[in-house]
Every structure is written in structure tokens, then in C-alpha cells.
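Each structure below is given as C-alpha cells.
First chain A sits with chain B, and in the next complex the same chain sits with chain C.
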Partner chain A sequence: MAAEFQQQAIALASQQSVLGWLNDAREQGQLAWNTHAWPTRKTEAWRYTSLLPVENEQWQLSDTASDTLPQSALAELIEFDAYRLVFVNGQLRADLSSDLPASLVLFADANADQQSVIKQHLNQVADQQVHLFTALSSSLLNQGALLHLSKNQRLEKPVYIVHINDKANAKVTNARLLLVLESGAEAQVVEHFFSTDDQDRGWINAVTECSVGANASLRHHRINLESEQALHTGAVHVALAESARFNGFTVANGSRLKRIDYHIKHLGSGSDLQLNGIYLPRHQQRVDYHTCVEHVVPHCTTTEVFRGVIADSARAVFNGRIHIHQDAQKTLAEMSNRNLLTSDQAQVNTKPELEIYADDVRCAHGATVSQLNDEALFYLTSRGISEAEARVMLSFGFVNELVEGVELEALQQWLRPRIAHMFGQSDQLTRHIIHE
Partner chain B sequence: MSEQVEQLIRKEYAAGFHTDIESETLPPGLNEDVIRFISAKKNEPEWMLEWRLKAYKIWLTMEEPEWAHVHYPEIDFQSISYFSAPKSYEDRPKSLDEVDPDLIETYNKLGIPLHEQEMLAGVAVDAVFDSVSVVTTYRAKLEEAGVIFCPISEAVHRFPDLVKKYLGSVVPQRDNYYSALNCAVFSDGSFVYIPKGVRCPMELSTYFRINEMNTGQFERTLIIADEGSHVSYLEGCTAPQRDENQLHAAVVELVALDNAEIKYSTVQNWYPGDENGKGGIYNFVTKRGICHTRAKISWTQVETGSAVTWKYPSCILKGDHSIGEFYSVALTNNYQQADTGTKMIHLGKNTKSTIISKGISAGHSQNAYRGLVRMGSSAAGARNYTQCDSLLIGDRCGAHTFPYIESAHPSAIVEHEATTSKVSDDQMFLCQQRGLDAEKAVSMIVNGFCREVFKQLPMEFAVEAGKLLEVSLEGSVG
Partner chain C sequence: MLTIKDLCASVEDKEIIRQLSLEVKPGEVHAIMGPNGAGKSTLGNVLAGRPGYEATSGSVDFKGQDLLDLDPEIRAREGLFLAFQYPVEIPGVSNMELLKAAVDARRSHTGQPELSAIDFMKMAREASKAVDLDQSFLKRGVNEGFSGGEKKRNEIMQMMLMEPSLCILDETDSGLDIDALQVVAKGVNAMRSPDRSFIVVTHYQRLLDFIVPDYVHVLANGRIVKSGDKSLALELEAKGYSWLEDEVA
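Entry: the complex of A and B
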């Protein structure tokens, strides 16, 4: 079964036309992809998440963008002043996108300098020997987007990259984003994934690589709200140079298969990482976050907070790993993972790991799993709020703390009602938390 | 690091000596004949032999686990001798006076002279010298209370029904690679049965000692606490200094029936290998207990020895309102590796578990906590609290935490916290500023770090554990 899908993917790759200068990267990707042992339930990284949805399908490459998108899809876009790139089924829709600055290009439009930047950085941040689906992404590589900021360049507007899927059949979309910030540069990026159709059975494999130079600062947001039938395998790889800052935020609902890896390396001393995540699976959904933070050099800090509310028969997996290398003295690293189970059938498997080889460090992690606090519920109901509404309020409050940490006001505004409606469909239940 | 400190770190293993007692040893190798030999040697009934052979067949189909965070050269299971018994086995001594004086000498060196044990109120010793129980004290007093405390080889003859019913009921033959091996070749061990409603009048204690060159030690312990009973069991180990790696694959099974309570304490100080990581014991142990309704099992361990430790004392909280506890101090120095922790499987309603794990790594050692807390879908109102702290001493060691938390019930509450740090400079400063030298200060701080666990140990052990820690750690101040 396993190797079968690996072959299928290579066959898919051969159907594509490809940019000549990306050939080497593709070949290396295919090499890595073929050498990966296909995960089973005994593979530690896939212990709780089944790849059957990938294996049980005959995949085709998605190559066409729908001409017309339903109005409801357009309404899902976050309205704010940004450089916007909209992809539908992996194809760029210029009509929905905005004018782009020179620093933001598609791989296909890259000039010679940009091509060399891509060649220099692609798969340098990500380790495709370790990350299976990053190897797949490289194997299928034929397009992507590059944001390259030169020294001390500061982008006035956030970059907003949208991936919309509207296919009800089994098509695989390969999304690739490369963010290269030279020293002192600053940028904000929002990646947004959603489907127009509840029955969308498409699969998007989205890999983002961020190379953050010395003193550079990147705020990165990843919003994964696809349909329940959709598949998503994604990864965000970050390399931080001296005194670089990365501020990450991610929110995801669940779907048939949703696996998101964050792999961050502190490669220059004094770098700082903040990573906040929210997962909200419902119904039969699955969601799996794997994060790995490597401290390679001294004097770096990491703060990581993930919260999840798991409803109905959903299942969530969180695996957070902090790896302190031998030289990484004076590291401060903290990780917290809190989970709420709101139904009898909900399940969560969490594994906050520490792997520490340096002695002068302060590392801590905490994890909790529980249901809503009875006393808090009582407090609200004793003040005349119905129990159903109290539950919505408390669940919302549980994750809202992280939403409030998002710097982009527009994103906060957009996110709040959507999260609230996941907990309570009717306006009656959310009237105290959203003011429209 | 000062020279004095270096010297202290290099302090040789204090319990490193080897007693010459003639013993009957089987040539190395493992096959069905070896198992038949062991079984015949112990005059075991047919069903016991069948059970061993079944385990052996299962073992042959299994593979050595590789997931633990430890590295060691591959073990050649055919180069190990699977049976060794002191010669005096055939005419077992009736009292302490008849015991081989060499043996007594061994215990004297360890600071636990047997003839003093009698005076140590409340402790009965079933001393296991290599594979055969040599001396048993206080038997009479225990029998009066109806408590059965005897070698498991004896229990097979005297209480076949109990053994048949419970042996392998908690750790089945195919549970894991090492337990399967143990099932096939287990040499001896303790058997304890506490009848209904009886509170065992004294703490039961067994000292193990690996003493025969190239002899794997395969202990098998089975403790059954019948309804409403209570027992506290102490297990301690030291081993003579050796160059070759020795395999220790023990299995401990605890059965706590309704309202029963078992407290199981271990001080483990097998030979850890020398400062270059040469030699030392491989300690691959499977320990597990099952709790029925309102029963309680408490594991307390102080692990300072062994080159490689692979040990996860676990509780299956099957009955409603049952309680599982795990208190652990694991200390590694030089090139020691430890991958230890616990599993708390919550199946019953309102079950509770507490995990307190303290890891201390020094030198080039690697110390990992690996734990599982599973809230089954029927574990309504279950509660777990886990705290695992690591202390690092020196910049070449590692401390790792791999907690698995699986929750499938909303009303179950799981809390996990872990911290890793070095000995705080502030604390050191405070102690030194009050006139304590660095040595003493570290010793105090580490003892304070482990206090929560030490206070769970029975008095006799608490003293030994404190001492052990002090000896193992003295001078690790950087």
C-alpha cells in the first residue's frame, strides 16, 4: 500500500510541465520522497494519525482554477489592506489578487536574481529527509511564491496569501511559499486556506519556508479552515539568525486528515520565537499539530502556547518538542498545551517533549486536559445565562486569549465570530461575545 | 571544576566486590533444553514448564524494542548463562547460623548485616543471592498472620492455584520482549500473598544481588493483596563491580484486589559501569500492577545504578475509585543512560493517579522520563497530576521528557508539568553565603529537590537512598 502511493506521487510529478531551473530541486525532492519509509501506526510521528485518507484515493493533480467562485467564497476573504495573492485549486487568480510589490513574485515570474535566491534557500530551511510531506512538495514542485526582502526593507502592507479549494473530487494541490528576509527586514504574512464546498475532497500539501535574517522580524499567520472532507498536510519551517524574531500564529479546524508541522531552528544567538496555536476540531474531524523547536545556539528564547477545544467525536493530536543542543546554554524555553474536551466521544493525545543536552537552561512545559470548569459554568448560569450560552462563552474565552495576541486587528475581527460560531451556531449563543 | 571535585566524581563504586561462592552454572546459551533444565532443577510441575515454553516461543517471534532513548551494543542472548544457584541450595540453611559465612560477609560490606536484620524491627528479609533464595527470616511470624512470603519456586509447589491464577495476569507472556524472555527463563523471586483484611505486620524486603559472572538475573515477583489487605514491600539491589555487561530482566506483578493497598519501594544501585562507560548492568524491567475497586498501588523508586535502565512501573486502574502513585528519583552519572517513567492506565471511574518524577543527570549521562497517562473512555471523573523535574549538573549530560497523554473522557482531568534547569545559582549563593561549602550545598539542594519522593520511602530505605544520592553526586558541582 505504502510504497504504492509513493510511486503514484512520482507518476503524478511526471505529468507536470516544470520550470527548467527548478529541475534539480525536484529531483532531490523525489530522491528524498522515495527514501522515506512510508509511515505506519508504529511510526512515532504518525502514531495517532492515520494516512489512510491519502492511501485510499487515486489522486490527480489539480490544474484548473474555477472561473466563477460563489459569492460566499469571496465573502470568506479577510478584508484588509494587503498585498493579496489568491490561488484557486493551486492556480493563481490574477483578477482576485492585488498589485504586487517587486519583492513578491511567483516562481514562474522570478527574475535571475530571484531565481538564485530561490535556488539558494529552497529546502535549505526545511529538512526533507525528516519531513515526509515536504519531500512530496519538492517532488511535485512546479510553482510557488517568493517573498524576498532585502536588507532593512520593511513591507508597508501585510502579505495575504489565499488558497481556495473548490473541488469535490480527489485532486492534490501543491502550495509552496518561500519567505526570505535579509537582515533587519520586517514583514507580516497571512496564509489562509479554505474550501468553498463542504464536500470538497481535495488535498492540499502546503509547505512554507522562512529564512529570517539577523535582526529581521517576521509575523506569520496560518489559518486553516478547510472543509471536513478535505485533506491538509502542511509544514512551516523557520530558520532564525542572530537576534531574529518570529511571531507565529496558527488556527485550524479539523478535517479527514489535517497534519501541520512547525519546525523552527534557532541558528543565531539572541533570536526569539513566539508561537501560538489554536485547534478546534468538531464532528468526526481530525487535527494533528507537530511542533519542533531546536535551540542550536545560546541565548535564545521560545514561548509556545497551543490550546485546543475538541468537540463531538473529534480527535486532536498535539506533539510539541523542544530540543536544546549542547551549545545552547542560557536558553529560556516554555511550552504550554491546554485542551478542553466538550463531549464524551472527544479525544486528545498530547505529548509535550523536552530533549535537553545543555545544563544552563530553563525549560518548562505543561499540558492539561479537562472539561469546562463546573464552577465557572455555575457562576455564569447563576447570573441568568443559559448553560448552552455559558459553554460557548467559556470555550470561546479559552482560546480568545490567543486571538487577542494577534497583532493584525483585521484578522482578529475576522476570526472572532468564526471561532464563536464553531462553538454555537445561533446568534443567541454568541451575543455576549461578538458585537456586530 | 576543582581537583577535589573531580576526585569525588571519580569515586569508585563503593559496593564493588565479588564474593567467591561456588555455584552451579549452566553454560551460556538459550534453547528449549535450557528451559527444561531450569524447570527440572526446580522440580517444577508440568504446567509451569509448558508456560515457560510457550513464553519462549513467543519470545522467538518478537523483536528487541528500539524506541527508548538509550544506546548500547547489541545483546547476544546466546552468550548469557541462564541459570546459576549457590551450591548450598540442596541443603538450605534452617537459620542464620547455617548461612555461608561468605554471604554474611557480603551483606556486612553492604552495610546490611543479616544478623542485625532480626533486630531491625518490622523487616523480614528474603535474601536472594543470585538466583536462589538462600535465607528467609521471620517466616513464622508472617505465617501467624496468614501472610505467605516465600520464593516463587516454592510457591509453585505449595500454592499452585494462586500462582496459576495470577502469574502472567498483569504482565502477560507476550507483553514485551524482555518480559517474554523473563517468562521463559525466570530463575526465582518472591511470592507474596496477603489474605483478606490482613495488614501485613511488617515490611517485606528482598535484597537482590547479581553475583555470578555472565549470569543474567531474571527475577520474577508476584504480589497478591487480597481484599482489604495492606502490604509494604521493599526491594533493593547492589551488584559487585564487573567489566562485562550483565543483563537484568525482571518482571514484577502486583495484584491489588478490592480495597487492598500495595506499596512497592525500590532502591536500585546495580553497578553503573566505570567512568568511561565500560561495563555496568543492563536493567530492563517490567513492573506493573492492577488495581481493583478502591485499591491502591504506590510505586516508589530510587534509581542510581545500572549502565542502561529501561523501566516503567505502571498501574492499571481497572476498578472504580482506585489510586495509582509513582514517585521516582532517577540519578545518572558518567555514561549511564536511563529511560524510565510510568504508565497510568485509567479505566475505572473516579480513578486517581499521581506521578512525581525527579531526574538528575551529571557527567555524560542521559536521563529520560517517558510516561503515559491514558484516560479510557470509561474513566469518568478520573484525575491525574504529573510533575517531572530534571536537574542538570555539568554541560555534557542530557535530560529528556517524553510524556504521552491520551484522554478520551471529558470529565477526566490531566495535568502535566515539567521543568528542567541546573542547580540554581541563587540557591548555591544562599547556602555558601551561610558558610556551607559548595559540596554540601549541592547535596542539600539535590536532597531538597528529591524530598517529595524520599518522604514516600519507608524509614530504612529513606536513609539508604539519601546516602546513595550523596555518594553518587558528591563533587558534581561545576
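Entry: the complex of A and C
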């Protein structure tokens, strides 16, 4: 069955009109995809997340962008001054996109130099032997975007990449982003995924690779707020050179299948990683974050904080691994995962893992699972606040610190009400936590 | 204002309040003293409607309503305020958010127009000044990392903004330094009015020098065993509680 699914994907790949210069990469991807053993329930990395929603569907490549988007979809865009690329069902919508700087191009528009940058870096940061859906992404490789900043180049504005899915029934979209920052370069990037339709049953497989050069600094945000019918698989792969910095933020609701992997490698000493994440599944949704941070060299630091609020009958998975290789002396690594279950049916499987092969390191990790605090609930109601509003305030309060930690002000302001509305659907319940 | 008749209440099936009766008229200040574990906080919690604190018999009338019938948030909106003996820390919810939500709830319940964000901010700043808390406390998480004394002053700030008709202060003086005690007492005294009443739970006669009560009650073993005027507090300070327990036994 599974092998059959893998074959189907390859068959799909052959249907697209392709960029010839990516043939090699695509072939390698297909090879990797075919040699992956299809996950079963015994496969550790997929233990709590079922792939049936992708297996049980006859997928077509998504190849048409809707000409008209409802006004409500445009209203979902984050309003800020940015270099904006908008894709609808995987197709670029130039009319919704902004003028782009020379450093930002679609694969299809890449000049010879840019093509060689792409060929040089693609699948160098990501290991497609390890990451199943990255291999799939490479097998279907065609569309994609490259941001290439040369030495010491600083982008004036953030890059804002939007993927909108629109009633894409059983359509699969393959999104690929390659961020290459040469030494000393600086950029801010926001990747934003959403659906225009509650019933959108599309699947987006979105792979991002970030090569962050020496002393370069990348602030990266990934916002996954698709319909609860939509499927999302994807990964963010990061390679950090000497004294490079990666500041990552991610937020996701859940859906029938939502699996996001972060894989970060400290490859140059003195590099620094800060990764914050929030997951907020409700109803019957599923969400699964797998993070892996590898300290390969000495003197690097990692601070990773993930928080989840799991409501109704939703289920979340957090698997956070920090792997400290033998040479990675003087590593400082901290990971914390806290979960709030707001209903008796909500579930989370959390597994922080530290693997340490160096002896002179400072590492800490912790995971907690709790319920709404009765004392706090009574305290708020004793101040005249309704129990319903108190629950919303406490749920929001659980993740507020991470929301306030988003330094891109426009994004923070945009997020606040959207997160609040996941906890309380009426304005009455959210109005006191939405403020400037 | 408040009429408690033969109230019995239990926590986790353990009877704590036994046949307690108390009448508080508008404008009055009642002090409740008594040994540790007597049931003073339990009484406050039962009146505020804390889940798990169950009245098993007797009645409580609050401004003409059956108090025990109301949810805790409705009691608060009706004007009952409990300053907690141990205020709760709520990281992630700012003091300001709590205060605005609380005051909006109380005002809309009593048919007053909602305050604009700016007007409210002004009021909150004044209140924080009145209890000698820096304005930065408004932005911090509710009681998060506050010192013991700061938490108590924060309770009084909430009370000032909510303008309750019945204020129950549960050991608000405990852990306060002498200056803070005066700040709190000044705040309370400024709020005294003919249509607002106070129940002040304390272990220390000293507080009652600043907040002068009309009545002093001794609560022991779940009931009021003696009532008197403010001189009773002085007597307790000198003699302790054991003579009373003997008297009752």
C-alpha cells in the first residue's frame, strides 16, 4: 500500500512541466523518496501521527491559481512593508505580490549565477535521507523561491512569503524555499500558510532550507494557520556557520494532519539558536512538531521554548531532540516544553530528548503537562470575570510570553487577536486580551 | 448589607463553619479575629463562592439576595469583594487586563457605562499611586513575582477600582511593613462610606488602630464565640484566645 503511494507520487512528478536544470536534484529526490521505508505505527518518528490522510487520497498536482480571492482572504494578509510573494494553490499571483529585490527570485526566473547557488545549496542543508517529506519535495521539485544575500548584505524590508490554499480538493502543493545568507548578511523572513475556505482539503508540503553564513543573522517566522481539513507536512532545515544566529518563531493550529520538522545544525562555533514555538490544536485537530538540534562544534548555544494549548479532543505531539556531538564542548543548550490541556479529552505526547556525547556542556530540558489552574480561575471569577472569559484569558496567558517575544511588531499585532480567537470565538471573550 | 444565619459550611466533607451568624449593616466595619485554623478564610471563601467550599445549611442574604445562589462572578459584580490571604500569581495575564475586565464586568452589571481605555488607564494609575505601587506593576503579570507586601497592595488596588459594597479583607495586613500597613489603611479608610461595609480578618490589633472597627468578633472552631467593640481586640492582644476557648467549653 505504502510503496504504491510512493509510486503514485513519482507518477505525479512526471506530469509537470519542469525546469531542466533541476533534473539532477529531482532525480536524487526521487531516489531518496523511493528508498525511504514507508512509516508504520512502529516507526518512532511517526508513532503518534497517522499518515492515512495522505495515503487515502488520489492526489493531483495543484496547478491553477484562482483568479479571484474572497476579500476575507486578502484581509488575512499581514499588513506591513515587506517584499511580498503570494502563491495561491502553489501558483504565483504576481498581482498580489510586490516588487522584489534582485536577491529574491523564483526558481523559474533564476539567472545562471542564481541557478548555481540553488544547485549548490539545495538538499545540502536538508538531509532528505532522514526527512521523508523533504525527499518528496525534491522529487516534485519545480517551483520554488530563492533569497540569496551576498556578503554583509542587509535586506531593507522583511521578506513575506504567503501560501494560500483555496478549495484545493485533493490537490497537492509543493512549496520550496531556499534562504542563503552569505557571511555577515541579515534578513527577516515570514512564511505564512493559510486557507481561504474552511473545507479546503488540499495538502501542502513545504520545505525551507536556510544556510546562514558566518556572522550572518536570520530571523525566521513560520505561521501555519490552515483549515482543519487541510494537510500540511513540511520542514525547516537550518545550517549555522561560525557565529551565525537563527531566531525562529513558529505557530500552528492543527488539522487532519499537520507535521512540521525543524532540523538545525550548529556547524560553526559560536553560533546561536533561539527557537520559539506555539501549537494550538482544538476540535479534532492534530499537530506534530518534531525538532532536532545538532551541536556539532564547540561553543554554540541553543534556547528552545515550545508551548501548546490543546483544547477539546485535539491531540498534539512534541518531540524535541538536542544532540550534542563529541566535539561540541562548551555547549549551552536549554529546551522547555509546556502544555496546557483545557479539556479532559485533550491529549499531548511530549518527549524531550537530550543525547550528549561531550563532557563539558551545560544542558537542561523539561516538559510539563497541566490543566487550567483552579485557583487562578477562581481568582479571576472572584473579580467579576465570567468563567468563560477567565478560561480564555488563562489560555492566552499561557502562550502570551512567546507572542510578546515576537519582535516583528506587525506580526505580533496581527497574531494577538488570531490566537485569542482560537480560545474564544466571540469578541466578548477576547476583547480584554486584544489591545495595542 | 449582609446577614448570615446559622451558616454551616464544609470543605472536602469536613465541617469547618458551624452555625455561624453575623449581621453587617451598611457602613459598618467588622473585625474578625481568631486562632489559626478557626475558619476565618473559609468564611471569606464561602462568601465569595469558591468552588469546593460548600454551605450545607443556614442562609446568607446579601443586599436582599440569596448570596449562596449566585455564581462567584455575579457576587463580585453585585459588589462583594474578597482580598485574598494568598493572592494568586497568573503569569501571562497582565494586571491591567484583569483590572479592565473586572471593572467592565462590574460596571456593565450595574448599568454604568463602560470606561474608555484612556479614562480607565487614568483611574488605574491613580489607584496604583494610592497604594504606592509603581505604574509598571499594571503591565506585569498578575501578582507574578510580586513580594508579599506588593501582592497585598495589589489586592487593595483592585478593590479600589471595583468599588465594591462589601469588602472582605483576609489578613491583608500580614506581611506588610509598617509604612505599607499605613498605605493600606489609608486606602481602606478613604473608601469607607455609609453604604459600604468591611469585614476585616486580622491577627493583629495594630491594624485596628488604623482601621477602627465598629465590632470585633472572635471566630474559633467555626463559630463566633465572642463579640464586642474595639476594646475586645486589645483584650485579645493581652490575653490570647485560650481564656475564650475555656469560657466556651
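The rule we apply is simple: the second predicted complex is superposed on the first by the 434 of 436 C-alpha atoms of A that agree within 3 Å, B and C clash if a C-alpha of one lies under 4 Å from a C-alpha of the other, contacts with A are read in each partner's own complex, and residues count from 1 in each chain.
The rule we apply is simple: contacts are C-beta pairs under 8 Å (C-beta built on N, C-alpha and C of every residue); 3 or more make two chains touch, one makes a residue touch a chain.
Since the model is a prediction, treat every value here as computed from it, not as a measurement.
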Three-chain arrangement built on chain A, chain B and chain C clash or fit: fit
Touched chain A residues, chain B compared with chain C: B
Touched partner set for A:E353, first chain B, second chain C, both or neither: first
First, second, both or neither for A:E409, with chain B first and chain C second: neither
Touching partner for A:D95 - first (chain B), second (chain C), both, neither: neither
Partner chain in contact with A:G366 - chain B first, chain C second, else both or neither: first
Touching partner for A:E44 - first (chain B), second (chain C), both, neither: first
Which superposed partner A:D344 touches (first chain B, second chain C, both, neither): first
Three-chain overlay, closest Cα atoms of chain B and chain C, distance in Å: 15
Doubly contacted residues of chain A, that is, touched by chain B and again by chain C: none
Chain A-facing residues of chain C, complex: 48-51, 71-73, 75-77, 82, 84, 87-88, 90-93, 97-98, 100-102, 104-106, 109, 117, 141-142, 158, 162
Chain A-facing residues of chain B, complex: 67, 375, 377, 390, 392-422, 478
Of all residues in chain A, those that touch chain B in their complex: 44, 326, 329, 339, 341-371
For the chain A and chain C complex, residues of the former touching the latter: 373-376, 378-387, 389, 393-394, 396-401, 432-433, 435
